[in-house]
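Each of the two complexes below includes chain A, the first together with chain B, the second together with chain C.
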Partner chain A sequence: MAWYTVKRLIQGIITVWFIATATFWAMHQVPGDPFIGEKAVSPEVEANLKARWGLDKPPLEQYWIFMRNMGQGDFGISFAQESRSVNDIILERFPVSAILGILAIVFAGLGGVLYGALTALYRNQWPDVLIILLVIIGISVPSFVFASVGQLVLVIINQILGFNVLPVAGWGDISHMLIPALVLGLGTMAFLTRLMRSSMLEIVSADFIRTARSKGVPSAQVFSRHQLRNAVLPVITVLGPSVASITTGGFVVENIFGIPGLGQSFVLAVQQSDYGVIMGTTVFYGAFLVLMVIIVDLLYAWIDPRVRLE
Partner chain B sequence: MGFVVLLFLLGQVNQCTGMRSSSIGAVDAASGTITLNLAQEPPQLDSTKATDQVSGMVLGHVMEGLLRYDANDDLVEGVAESWSVTDTEANFKLKQNLLWSNGTPITAHDFVFAWRKAVDPMTASQYAFILFFIENAREITSGDMPVESLGVTAVDDYTLNVRLREPTPFFLSLTAFPTYFPINQAFYESRDGRYGANAEDLIYNGPFTISQWVHNANVRLEKNENYWNKEAVHLNVIDFAYILSDANAIINLFESGDIAQAGLNVELVDRALRNRWDIRQHVDGSVFFIEINHREERLTRNYNLRKALQYVNDPSELVNKVIKLPGNLPGESIFPVWLKGVNGKFREEFPAKPLMTNNDKAREHYALALEELGLDKITLVMLSGDNPSANKQSEYYQSKYAKELGLELKLDRQIFKQRLQKMTDGDFDLVLAGWGPDYADALTFGDLFTSWNENNRGRYASPEVDRQVDIAKNSSDAKVRMEAFARVQDILNEDVAILMNYERGSLYVVHDRLENVARRSVGPDPDYAFARIVDKES
Partner chain C sequence: MALLDVKNLHVEFTTYGGIVHAVRGVDFSVDEGETLAIVGESGCGKSVTVQSIMGLIPMPPGRITQGTAHLRGHDIIQSKIIDGKDIRGNFVGMIFQDPMTSLNPTMTIGAQIAEPLEVHRGHSHRDAMKRATELLDMVQIPEAAKRARQYPFEFSGGMLQRAMIAMAIACEPLVLMADEPSTALDVTIQAQILDLVKSIQKETGMAIILITHDLGVVARLADTVSVMYAGEVMEAGSVDDVFYRSAHPYTLGLKEAMPTNQTGRSRQLKPIDGSPPDLFSPPKGCSYAARCPHTMEVCLENNPNAFAMQEGHQAKCWLHHEECEVAAEDLYQA
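What follows is the complex of A and B.
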């Protein structure tokens, strides 16, 4: 297990290095630089800016400087928010995205397992049909539609009641998080429901279930101990990457609800050609995703001994 | 375990975002508070480096220059109590006993420091050019002269002398621009390179101070007790409690009574009408046009081709049938309607010669162009932004050129920075472009198409335009200057330097108890500094 862990970690570091390198070169290929603006800057000012930010150096040298600093955990300073370091921005904004992501994952995970189990239990009966219909909607409708509609519904509810049950947008306390987290988790919830359903159905016909039944184990116990526990395995596999994709993919939701998360910086940085923040957020998210996958792999190895043996 | 992590993160968020209790609504007369949305986070609030509109707006509330704009867009006293401007210099007498928000006196040295900082090559300010009217400023920015040689001197603590490079009759309006705001040297240096990064990294001399700035979440302004004219300030708190750019989300906040002002787009006008909100109109001062590429190798260098495009151009149709948002004006001239002329408005004194749409003439010129270029068919590339409004416009031109001329228009949609890079590189035939004023004088539009202007991205060059702008720049006689600009206006149209689209207007809704919010084309906009909450029957 220890060797397995080390191996996965080394692979992870190589992956992150590759992400950083690819992003660095791709970023410099995109037309436009951090200093180009609606008003052209004079050649003198442009030269001053480039010199100050080290963009006058050859690309390879810039790459080495960046890699050296990254090795020391320093992503430099934001080009757009000049007086602030990229590390500060990530440290400040990631917790916001993380808490929203975790709430969303809680919604998605609980909902997915529950609804998935229900559909399998009532296969081809009306709860199954209804939930699958909702799942199709959940998977096919993009989150910005859910976000806009959700917000509008909130406005209407607040107006009917005459006071604000939940805030329409903004960031502050738990009341600001509920609707965005729900919206953010919907897609994953729908996906997990389907996964859970097919996994449950596969297991219903497995030998060990039949054995358990023939031994006379009560059906509630068969369901909870044998069926559910085994069916949840594939769900855990996708849960890890989902955590990463949910915390990173919150851009639209963050934008509509005015939430100061990292997803927003991630996308804005690209639009602003903010080299520092692009590299910082990409590498950070890359590392985060890799870490999540590793954790899931280890978790999987722990739950299912067969993985360890390979 | 997950729960513990969740609690921990909640604690983190608590610290980072300075959790706030639920809002008190759009306007609160009891505490003198208004709540608003900010379109984006100010990147930083160092006035020498600020370039964007939101930073300019916030700075306009918390800082003050020598002069400022009042509600009627007239220049009035700020830190200066009296002044005089000649062709070669400007002199300002500062009010005595004014204090920064930390209690330090405001002196002429604060202006000298800030202006030197702005032109310093080490600062690399993108707005350094706005100080190029001052002696030696350009040479300092290019690194050819020391910063100390800038033509501004603090004669004593309360007297500021400015030497001008050329007659600058509008110099007073420049002193209201953020780059000209004062900065206290001792404080600036005490922040060790972080000046303007956070609320505590600034001191203020304007009507308000920033009491809280949670990055990307909110900015809260409170009345500045040290402000010399605080009797005129009625609000106690301007709370930008939201930082949102999504128009629908903003209007949702307005509808639920959380914010006091919101902009409208075409899709939202009906909703505003249905709700019977107080819809208002604002001309933001910008002019939009199709910039034509005049570089040597481009087909658009052909005069007959440009003339053909001009004859099919119909700004009224664009404004009324494509953009559709009331408030926009069909473009007739690079000089917008609000600019001042000799005595009244420039465009009333020197109306632009009307450009009539004429499809027959357009086809005649197009045929000539084909012949001159030796082509059967012309294909042009139109560069534009990649957003719904730009897409609607470029598609409109695509179908119009195809229908009226048989010209094929390829659309090149790029996001902001990429579009600007392509414009700078000259990688286009036509580009949907625009220009917003930097100061309240016709020159900010007039010199746009001179051969030396870096913003002239189509490289249009006309010796006559250059000559007229030179005449205007070397005179302080309003009549001479405006006549020169009138000539520029005519040449740009005759020569088809650009194709006019529209002057931008916008619609917005305001809370019915909020009054005296100034909207301007030049200067901080919107300006809530002297707004007040009024009583309405409830």
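What follows is the complex of A and C.
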């Protein structure tokens, strides 16, 4: 187990290195640089700036410098945001994204398991049909549509009631987080619901469920102890990749709801060719996702004793 | 009164193709310390019979349309509760065919054996686990304490079946229902499992209902036999009666289809030609008529009643009608 974790972490570091390298070269292939903005700067100023930040050096040398700094945990500075360090930006903004993401995952996970179990219990009856219909909508409609529609509905509700039930945008307390997190988790929730449903239906006719009933175990206990735990295994498997889709979904949702998270600053950085922030956020997100997948794999081994990590 | 008495049981399944009449008027009874074997080919309704009595078939699509089942005089078709206690796992234990899939893969063996003790006896988890270890020891699993903390995937097939037995007898049931307990195991392990079941029966005096299609297993373990075909009991009686004084052409057919370890043409395996009737629309007459070498006109039109041969031995065959010209004695010789 310990050795497995170490092995996975080393693999993860290689993955992150690959992400960093690919992003670095792709980024430098994009036309423009951080100093081509709305305000034109004179060639002399531009040359000075480039020299100041090392952008006049050959790309390969820049790459080595960047890699060396990154190895020491230093992502450099932002060119667009008053020379703030990228680490600062990540430290300030990531917690916001993380709270949003965790809430979304909790919504998606709990909702998916709950609705999936419900559909399986009421198979082919109206709750099943209704939830599956919503699931199809949830899977096929992209999150930016849900975000806009969600905002619109919120505006209408607030107008009708004459006071703000929940704020439409911005960031602050829990009331700002609920709707964006719900919107962000919706697609994943729909996907997990469908997965949970088929998994439950498969388990319900399993031999060991019959065994449990032959022992006289009350149905509530058969459900919780025997059925749910086994049915939830495939859901946990996809939780890792789900973190990825929720993270990338966060870029859009943060922008629409005006949430000052890392996703928002990433989008802004790309628009401004803010090299340092692009690299920093990409590598950071990459490392975060790799870590999440490893954690989910370890969690899986803990829930399913058949999984041996070697 | 018998310990478990089942009368005229009918079970149907509603499917897309129509209604399957899986069990059509089955009677049997079993007493303390006695072993009843229910034999028959695949799909003859032997598993459905016991599983429907135990409420283990999904309803719908399945349903019991007729019949009664009494455990010590209590009706157990309407309600599985006697004196406020679920009979399942408590008064009746069950073992299933495939031990590999019949145990919960994410629960330890010990916890699964302890579960009925917690449910029915109100044992604390700690006490139940202790008892589970003793039970594992009783079914001859070495290092029981260590094994109790392991998961099904860490056990071999034979050991899993032992664990299943430990689970089924945890609450010292009156009846053990074993649904092909040795079919999925190799021959040496089969023998061990059957011996184990028998020795436990000797100790506890429980009744056993053994479902199997293996006549060798029947000879080894059973006191009485019910031969099932197409959802009906064709012949029933003591092992000696059914094996040596077979009174139904189907029983004879089964015996001839059994492989022996002797050589020679006379010992060739003789299959029963044809296939069982379609249970979507069971035949009007005897369900074995289409495959029977002795079929008469009456067989095609009328389903025979059970004719009593002698005390406790009966066969559902027109050959035993008093007006039948074919001497039933000829059958015994075959």
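We take it that the second predicted complex is superposed on the first by the 299 of 310 C-alpha atoms of A that agree within 3 Å, B and C clash if a C-alpha of one lies under 4 Å from a C-alpha of the other, contacts with A are read in each partner's own complex, and residues count from 1 in each chain.
To be clear about the criterion, a residue touches a chain if its C-beta (ideal position, glycine included) is under 8 Å from a C-beta of that chain, and two chains touch if they have at least 3 such contacts.
Given the structure is predicted, the values throughout are model-derived calculations rather than measurements.
> Fit or clash for chain B plus chain C once both are placed on chain A?
Here chain B and chain C can both sit on chain A without a clash.
> Of the partners chain B and chain C, which touch A:Ser140 in the superposed model: first, second, both, neither?
Neither chain B nor chain C is touched by A:Ser140.
> I'd like to know which partner A:Thr5 touches here: chain B for first, chain C for second, both or neither.
A:Thr5 sits against neither chain B nor chain C.
> Now for A:Asn69: first (chain B), second (chain C), both, or neither, which partner does it touch?
neither
> So, A:Asn164: does it touch chain B (first), chain C (second), both, or neither?
first
> Which one hits more chain A residues, chain B or chain C?
Of chain B and chain C, B contacts more residues of chain A.
> Would you sort A:Arg52 into first (chain B), second (chain C), both or neither based on which partner it touches?
A:Arg52: touches chain B, not chain C.
> Which of the two partners, first being chain B and second being chain C, lies in contact with A:His226: first, second, both, or neither?
Touch partner of A:His226: chain C, not chain B.
> If you stack the two complexes on chain A, which partner ends up touching A:Thr211: first (chain B), second (chain C), both, or neither?
A:Thr211: touches chain C, not chain B.
> Taking CA centres, what is the chain B/chain A/chain C angle in steps of 10 degrees?
Between chain B and chain C, as viewed from chain A: 160 degrees.
> Rounded to the nearest Å, state the minimum C-alpha distance from chain B to chain C in the superposed three-chain model.
In this superposition, no C-alpha atom of chain B lies closer than 23 Å to one of chain C.
> Residues on chain A in contact with chain B in one complex and with chain C in the other?
none
> Quick check on the complex: what are the chain C residues that touch chain A?
For chain C paired with chain A, touching residues are 51, 54-56, 58, 80, 86-90, 93-94, 96, 98, 101-107, 115-116, 119-120, 151, 153, 164, 167.
> Report the residues of chain A in contact with chain C in the complex, numbered from low to high.
205-208, 210-218, 221, 225-226, 229-230, 233, 303-306
> Over in the complex, which chain A residues touch chain B? Could you list them?
30-33, 35-45, 48-49, 51-52, 80-84, 89, 92-93, 95-96, 98-99, 102-103, 106, 148, 151-152, 154-155, 158-159, 164, 167-175, 255-258, 260, 264-265, 271-273
> Touching chain A in the complex: which residues of chain B?
2, 5-6, 9-10, 12-13, 16-17, 19-23, 37, 41, 43-44, 46, 49, 51, 121-129, 138, 141-143, 193-197, 201, 214-218, 241-246, 248-249, 252-253, 255-256, 258, 414-418, 420-422, 424-425, 436, 438, 454-455, 457
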